[in-house]
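A, B and C are the chain letters, set down in written order, and residue numbers restart from 1 in every chain.
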C-alpha cells in the first residue's frame, strides 16, 4: 500500500494570522480548553506528591547543563558504548541527511513498510514523507499519531498530537479512513474512548505482528552505558522496539544524560509533568542488541538539524534541556486558544516558540513571529521540569528578530539582519524611547492628550484597531500624576491631601 | 575564561575529529563545509557535527571537565519513612491506582515463622495462579524458561504451556491467552514492576503480545521504595521493561483509558510471608 | 527612610489616581514620599518587544533618578519585575558585548531598592492592616509578573483581608493571564482578546462590584474588555482600596 503524502508545516502563515483563524474555531477552542484544563489539575496534584520537586527540578536542569556544556565528550562516550553493545551509529547534520540515512537503512532490509513509535525528531525532519517518496509506507502506531495520519492532519501537541480532535471527530476519522490503511474500523463504532482505543488496537495488531522494521525516537540516551530509553503509555512503543528484526532510532544529539543513575531524576520528572502519572505505563530501555531478544539489528541516527546552532547561543541553549513533557503547552493560555497548528512546526506551544526559531532560524515570516506568540505570563517557566526560562529566551529571540545580531547559522557564526517588516515599529520604538528619556517632552504630550480628551475617538484607526476592536480605550485623565504632584506639592515634599 | 578553539577540548581523546583533519585547531575557524561536502558521508557528518559543537561551546573554559559542572543531588533517595511491610502496602495501593489487579499469596517455599499469622485465607501461590488462569478461561500460558516449576503445579494440563523459545513468532504469541512471570524489582512510590529479561521473566515479547499478564513479586525482598533505589538494583546492559499498570492512553481528550496494545489485564501477585494489618 | 514613588508611565499618564492613592496611603502610614521628576518609563515595552538597546538609556535614567533614595516603591508588579529581573540581564549582556560595566552597575544599584507596593508594605513597613475601609464586594486578579516573577504570594491577599467592609470573592482561573502582555495585545490581538474575554467573563460571574489588580496595564486590558462586554464590574488598583478609609472613601 502506498501511503499518501501527509500534510506538512511548509508555507504556514505567521502565528498571528493562523491564530486569528483558530481563535474563531469554537469546536477547536472547546476541545483544547477541555483537554488542557483536564491535565492541568492532574499535573499539579502529581507534582505536589513529591515534596522535593524543586530539588529534582534543579537537579534535572543541572544534569542537562552538564551534558550540554560537554556534549562532544558525551556523544563520543555514547557512540562507543552503543557500538560496543552491537549497535550502529550514524550522524546526520540536517533533516535531509537523516531522512536519507533512514531511507537507505530501510531499503537495505528489503522491506517496504515500517512501524513507528511517536517521535518528535522524525516529525521534525518530515521522515514519513521522505519514506513515502522512496515508496516506503510508515505506519504511525501511537493512538494520537494514528488519528493524525488517518486524518491527513498535522500534530498539534507534543504529547497528544491529536488534542485538537474530540471523540466524535476521532470516531468519524476512524470510520472513514481505517479501511484505506488496513483493517477497517468495527461496524457501529461509538465515540466512547474505550471503543476508539479498541478499534486502534485491532487495526494496528496486524501491523505489529508482521513488522520487520521499527522506527523510534528516544526520550533519553545514557552516554555511560549506551542505553536508550523510550517512555510511553500504550504499548505501541514496546511493540515497535521489540517485535521487528531491525530497529532504527532517530534521536536529537541533546537527548543525552551522562549516567544510568541520572535517569532517577528524569524518570520522576517526566511522567508527572507529562501525563500527570506517578509513572507512565511502560518504559523500555535497551542497550545495543540482545541475543534472541528483540531486534537483531539496531541503528542509532544522531541528529543535529539546528541543535548546534541552539547550543551556540548562551541564552537560548537552555531550550535544549527540554524533555518534551508538554507541561508548558498544557498550562499556556496562548496555546489553549491558538492551538498547536498556529506554531507552524512539530514543536508547538511555549517550547516551540523558543525551539523552532532556534532550530530553523528567524528568517521566515512564521519563525520570526513565534517569539511574539506569548504574553510573557511565565506559567510555562513555572511548570517546566527542567527550569527552562522560556520568557527569558522569548525576549532574547525577539531581540534577534528586530535587531538582528550575532547567531550561529548551520554551524557558522554569522551576523544576521533584522527580520523584515519591523521598520515602522523600530522607528516608533526609537521615538518613544526619545520621548520617555526626555520627561519634559513626555509632560507636553500628556498635557496635549489631557486637553484634547473630549475629542478622543472610542475606536482607533489603523494599527490601533487591533486594540479598540475588542477593548474600550481608557479615558485620559484631566491631569497626569506629574502635574498633580507639581500642583499639590510644588515639586517639594510637603504634606498634601489628595485633591481629586 | 579561555575561549576554546574549534579543536577538541579533549586532545587525548581518540574520538577527536580534530585528529581526522576536519578542523585543525586554529584554522578555518568558522567555515562549515555543510553536510553534503564530498568525502565519506558518515564520517564527514560526524566530524562536522563535532566541530559545530566545539565552536558552539566557545564560552566553556577549555579546562573545564564535565564533573566540574555542579549537580546537586539534594532530592530524596526515597519519599517518606516506611518499614518494609508498609512499603509493600504502598506498592499494592499504587499498583491498584493504575488498574493493576493486586493479589496476595503465601510463599510456597516459605520456611519462616508459623503459617500466615493474621492473614487467614491467603492462598498458596500455585493455587492462586491456577485460579486466576481458570477465571480468565486461559487455554494456554507462556512460560519463561526459569519460572519455578512449582508456580504452575496447580494449573491443569489442559492449559497448554508455551515455552519461551527463540522460534516463537509474534503470531504464535498472539494466540496465547496468558503469561506468568517473575520480576526484577518493584517500586512502591510509583506502582511499577520492572522486568529485566532474566530466565524467570523471559524475553520481552512474551509479556507484550498475550493480553493477560500475571506478574509475581517476591515481597518484601523485591520491593524498593523509590525510582533511585530501583535503578541501583538494575543492570543497564539488560533490556528493561518498566510496567505501571496495564497499557493506557490519554490520547482522546487527555482522558485516561486503560487497555490499548500491551496486555490489557495486569494481575500482580505479592508473594511472601503474610503479616497482619494489611488491607 | 528616604522613599521615592516610581509612578510608571502608564499610571502617570492614564491612572494618576493610583499614584495619588499610594501617596495618601504611605503618608497615612507615616512615610514621607518623594517624587523625583527625572523618572520616566522602566523600558519594559521596548525591552519585551526586543529593543534592548533602546531600553538602555531608560535603565540609566531610572538609576540616576532614584540615586538619592533608599527605597523605590511602585504600584506595578510588572514594572518592578522589569527592574529586578531584566535590568541585571541588560547589564550582563552589555558587559558581554564589551560595552563596559556602566549598565551592570546601574542595575546593581537599582535592583535592591526597588519594591512593589505590597512588598514594601508587608516586608519593609511590616503592616498588613493599613486601616483601610472599602465596603464593597471585590474579586482579586493576581497579575502574572507579581505572581510568578516577583512571587508576591499571599501579600496582596493578606492586605485585602484586613480591609474593613471588604467582601473578597474568589475569581475562577485567577492565576491565568488576562492576555495583555504589552505589545502582545496588538501583535497578537486575536489571542489577547480571547484571553481577555474569558478573564472578563470569569470576573463578571463572581458577582463582584470591583476587580482588584496590582497593575494598571493589565487593568486597562481587563477594564476595556469588561466595558466592551457591557459588564458593570469596576476595575480598581489595590492602592486605591488601601487608601480608602471611613473618612475618606475612594
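Heads up, the rule we're going with is that contacts are C-beta pairs under 8 Å (C-beta built on N, C-alpha and C of every residue); 3 or more make two chains touch, one makes a residue touch a chain.
Heads up on the chains, UniProt names are C = (Fe-S)-binding protein.
Note that this is a predicted model, so its numbers are computed, not measured.
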Centroid-based (C-alpha) most distant chain relative to chain A: C
Chain whose Cα centroid lies nearest the overall Cα centroid: A
Centre distance in Å when chain A and chain B are each reduced to the mean of their C-alpha atoms: 27
Rounded Å distance, chain A centre to chain C centre (Cα mean): 31
Chain B-chain C separation of Cα centroids, rounded to whole Å: 50
Contacting residues of chain B [partner chain A, same complex]: 8-10, 13, 15, 30-32, 34-36, 41-42, 45-46, 48-60, 64-66, 69-76, 79, 94, 97-98, 166, 170-171, 174, 187, 189-192, 197, 203-205, 208-209, 227-228, 231-232, 236-257, 259-263
Touch list for chain A against partner chain C, complex: 15-16, 19-20, 23-24, 29, 333-334, 337-338, 371-379, 381-382, 392, 395, 397-403, 425-426, 429-430, 432-433, 436-437, 439, 442, 446, 449, 463-464, 466-467, 469-474, 476-477, 479-482, 484-485, 489, 491, 493, 495-498, 500
Chain C residues within the chain A interface of the complex: 7, 9, 11-17, 19-21, 23-24, 27, 32-35, 37-41, 43, 45-55, 57-58, 61, 86, 89, 144-145, 147-149, 175-177, 179-197, 220-221, 223-225, 227-228, 243
Chain B-facing residues of chain A, complex: 31, 34-36, 38-39, 49-52, 55-56, 58-59, 62-63, 65-66, 69-76, 79-80, 85, 90-94, 96-97, 141-144, 147, 159-160, 162-163, 166-167, 170, 193-194, 196-198, 200-201, 204-205, 208-210, 222, 225, 227, 233-236, 238-239, 242-243, 253, 258, 260-261, 263-265, 267-268, 271, 275, 277-287, 290, 292-294, 302, 304, 308-309, 311-312, 314, 408, 410-413
